[in-house]
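Each of the next two complexes has chain A plus one other chain: chain B in the first, chain C in the second.
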Partner chain A sequence: MIGVFSYLIFFATTASILAIAVLGLNLQWGNTGLFNGGVVAFFGAGAYGTLILGGTAQAGHLGGFGLFYPLALLGGMAAAGLMAWVVGLLTLRLRHDYLAIATFGVAVAFENLMRNAEWLAGGAKGVRGFERPLRAALGDGFIYNLFFFVVVLLILIATYMFLERLVASPFGRLLRAIREDEEAARSLGKNPARIRLMAFVTGSVILGLAGGLYGTFYAFVSPQDVLPTLTFQIWAMLIVGGAGNNRGAIFGAFLIWGAWTLSGWALSRFAPVDVQLYTGSVQFILIGSVIVGMLMWRPQGFLPERLVVSQRGKPQQTQQGE
Partner chain B sequence: MADPILQVRGVTAGYVPDLPILRDVSLAVPPAQITLIIGPNGAGKSTLIKAIAGLLPVSAGQITFQGSDITGLRTDQLTAHGITYVPQTDNIFRSLTIRQNLDLALRRAGSDAPARLARLFDQFPALAAKQREKAGALSGGQRQFLAIAMALATAPQLILMDEPSAGLSPKAAQEVLEHARMLAGQGVSILLVEQNVNQALRLADHCYILAEGRNQIDGPAADLRDNKVVGEIYLGNRRVGAT
Partner chain C sequence: MSIVKTMGATAALAFGMSVLAGAAQAQDCTTKIGAVLPTSVDWGRPIAETAQFAVDQVNAAGGAAGCEIEMVLRDTQVDPKVGVDAAKALVDLEGVNVLLGAVSSGVSMPILTSVTVPSGVLQMSCCSSSTAFTGLATEGKTGGLWYRTFATTGVQSAVGAKVAADQGYKSVAVLYKNDDWGQDMARLIATDFAAVGVEVTASVAINDGQPSYRAEVTEAVTSQPDALYLALYPAEGTAAVREWLSLGGTQNMILANSLKSDEFRDNVGLQYLGSALGTDTASPRSESADAFRAAYQERFASEPNGPGLANSYDAAMIVLLAMEAAGKDASGADVAAAIVRVTDPDGTPVSADTAGFTAAKEVLASGGNVMFQGATGNVRFDANGDVSAPAVIWSFSDAGTDEVEFMSLNDVDAFMASLK
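Here is the complex of A and B:
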């Protein structure tokens, strides 16, 4: 029984970390309309940044800063934000599909850099020498995982609350206005380029936070963790959950991660042996089918964007349904 | 005549470099008047207003506002100078409520925002009554009124209006144009591009006619209303300054 519970904690921790990443993407795409096709690069920058800043000295790659863990995590977030700022300055003039292609290219370049620049982050062998915070006190077992899950859950709730406030604020309305019609926003004296950049950087910092927590959970990160697959999964979570809705983003993360995990288990248990060799590919087909199905029959996702009207102190919520 | 608030001198502009739509176009907008730009399809009317609004690059010529050179300034920078552009379509944010649309436009108003909002609701009571409704649910005419109200929220001295009556019923179009007349009466200068020539000529003070990206003729709107040359320019039977 403890085994099942332990696995559920493990599952919920990973799903919660991914949910934080989906919230970051939701700010960029759901609220601002920025098609970030390089999600994994910012997630990876957070993971690599946290582990390099918080790890012990290692021969052969950058590291050994041994920062106090919260500072290392903040450093990872800052790395993601800095990268987003540079990438944003260069690419945010592009629209939709072109922005997606450019940012996808950034993610591929990031993975290749991490794979080949051994001096930077250990190359294909990944970043070594990171010890999870409070490991000495809590050990490596179930207690630690439970503790870490609680920490991740609290961070997920804090991120959700921050974004809910942001979306309901005048700045959030401005993001939606720019998503809807940049020219009209400009005619009212708004500078869409600056605001798009702010949203892109903020979303990427949240992606970096998720990456930092992911790297912490596994105490390791390598180029295998920053493959385009993860971008694909995080996008699937947002589309299925409901772009523009933070609750939808979290729901989508748990749903898709659950479906991914369950399909892997089911294939390994029930599929013929020769099919099991292709479990990963079959999972991709299944998830891809779910995305296509959602886009055809429920493009707004399970939890569609809500319009939050706040006047005279009394919030009222209605469905958007354009 | 008072000094023009906006002066366009010899402007050449277009969407693609080296392929100008406008060639050497000039006009002047006097304060607190409606200056109308008309012309056949493809004359460059919307291109001209977009070039003035900072949405298209100006490759030659100069645009001045109250004596200051504003050539090449971005649309959002022009708003700070007192010029607001109202696009022809997609000029409101449909997923936001009417109130949120106005709040967005009032963001720079600071402490003056509540008073300005109250004035706008006095001026547009239909918007006040529906302030909590989504802007996307408004009729075409009401959307134009919301767009005008949003422009007014920025406290402009000059409003650039690109075909505000496009797609409206004759009655709604008349109401929108009459509202423009009222704004001019309140001291706001208006540069208006219109396809609805007869109605617009009745309301405007001065009119410029463009064809093939060039100035053709201009004069007091009342004089041009019965001018046969206007019809000839529209039918393509007459051109001034074409190469």
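Here is the complex of A and C:
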């Protein structure tokens, strides 16, 4: 029984970390309409940043600063934010699919940089030698995982509340105005370029936070963690959960990651022995089918965006649907 | 690795089969072991099949530690998250205390740091080559729970340096695959070449799947080396060597074991490979390696020539032998500690098949140690869980490959020590 509980904690930790990343993407795509095709670059910047700043010294590459953990995590977030700022300045004039292609290119460039720049982050071998915070006090086992899960959960809740506030604020309305009609927003004297950049950087910092927690959890990151698959997974979570809805983003993360892992477990347990070898491929088909089905029958996601219409002189009303 | 199967092997197999018939009885318990391997990737599936093959042989000998063995296989999709989750599920939900895998170092490493070491589970990888594991073990962070049967990086580069020295090459250019294995190879071979007094004139990374390698190869050619060292896979190796030759590069080549492929030989052309010498870790000159080969052919109707197959078999077999040695209800650490008892150079030699496992059971039960003679050799681990192996230098021929020189495990160890 303790085994099941221990696994569920582990699962929920990974899912929560991914949920934070999906929240970051939701701010960019769901609320501002920025098609970030390079999610993994900002996630990776957070992970690499945190491990390099907080890790022990490693021969042959940058690192070993051994910073106090929260500072290292903030450093990882800053690295993601800084990269988003530079990338944003260069690419945010692009629209929709052009922006997607440009940011996708950034992500591929990021992975290649990490794979080749051995002096920076160990090249293909990745960054290791990170001591997880408070490990000495809590040991390595179940208690530590429980503790880490609680911390991740609290960060997830804090991120969620922050974004809910942000989206409900006038700034959030401005984001949606830019998403729906940039010309109209400009005609009202707003500066869409600046606002888009702010949303892009904020979302990327959140992605970096998720990446930092991910690196901490595994105490390791390598170029294999920043392949385009992760971008796809996080997008799938947002689309299935419901773009524009923060609860949908979190729900989507748990649902997709749950389906991803549960299908693997179920196939390994229940599939006949001679099919066992093919379960990996079967799993890909299952996951693909779920996403295609979702796009066909419920493109707005399980928890669609709730549009808030404000009217002068009346209290706010909530209204369902698009 | 072109070993002809012998009469002895066939006899050993026949004996194995007869044991199979007699011993598969009277276990009423099942012990699960976990395997996390990339079965959704074409080259990953045979690795998993081979591990299962070892488990089947052991079950035919009546299982290990008194129980039948069930291997629970999970796919990693070569995605670290997925692999780690699968490993955690195997440990927590299936209760395994022994885990085989993964293949990619980038997947094996987070499994090691976040699942197996914290949970005290033995992790044995067939194929992870990164030197980062050695570093981690030296720092004492693997807790003695990490082993791998993939020997080729260190042995491979040392023997490559030996070839260059023996042939009298004064300078060598290196082309390497741009992944953790290739980067390690490039670094190790540079050190080893320096140790034998060979100059490296250029060391160029080759990325997978490019339409042309002209820029990379030109850089290597213009450095005008006596020979070319290739740590590449067949597809990129073929493309790079074609460009190399067309730009007037030398035909003196040293090849890593990844290029020991008929595809590479045929696509480049045997007439250009006359001065090419390859290196590889070798099967031991023992019946057990032949027995593995014969039994494998019997089961899969093909030669065990894919990447990692022999390593995967040995990984599974050593783990199962160690489980037998550690006895019933042993923890992961107990099994890890028992590995020295089954890879003891002074122990009773046992072959890599059902008969060998049955023989090992008797020796271990009477308190003795055994020396497992596996598909990759007389596997012997050092304190970091790394393995050394005999080596062979080979050249291409019409039929496949010819052996040029065989180096026993002691020769290899001595030569590697001389490089330090």
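The rule is short, and it goes like this: the second predicted complex is superposed on the first by the 295 of 322 C-alpha atoms of A that agree within 3 Å, B and C clash if a C-alpha of one lies under 4 Å from a C-alpha of the other, contacts with A are read in each partner's own complex, and residues count from 1 in each chain.
Just so it is clear, a residue touches a chain if its C-beta (ideal position, glycine included) is under 8 Å from a C-beta of that chain, and two chains touch if they have at least 3 such contacts.
As the structure is a computational prediction, the values presented were derived from the model and not from experiment.
Contacts of A:191 after superposition on the shared chain: chain B is touched, whereas chain C is not. In the overlay built on the shared chain, the residue A:180 is in contact with chain B alone; chain C does not reach it. With both complexes superposed, C is the one of chain B and chain C in contact with more chain A residues.
Judged by the touch definition given at the top, the superposed model places A:7 against chain C, while chain B stays out of reach. Using the contact criterion defined above for the overlaid structures, shared-chain residue A:272 touches neither chain B nor chain C, since it reaches no partner.
Chain A has no residue lying at the interface with chain B in one structure and with chain C in the other. Residue ranges of chain C in contact with chain A, taken from their complex: 38-41, 44-45, 48-49, 72-75, 77-82, 84-86, 88-89, 91-93, 95, 104-107, 109-110, 113-114, 117-119, 130-132, 135-136, 139, 178-180, 182-184, 205. The touching residues of chain A, counted against chain C in their complex, run 3-4, 6-7, 10-11, 14, 58-59, 115-116, 118, 122-126, 128-129, 140-141, 144-145, 217-220, 222-225, 227, 229-230, 260-261, 264-265, 268-269, 276-281, 283-284.
Contacts from chain A toward chain B in the complex involve residues 170, 173-174, 176-177, 180-181, 183-192, 305, 307, 309, 311, 316, 318, 320, 322.
For chain B in complex with chain A, the touching residues are 53, 55, 74-76, 79-80, 84-87, 90-97, 99-100, 103-105, 107-108, 131-132, 134, 136, 147, 150-151, 153-154.
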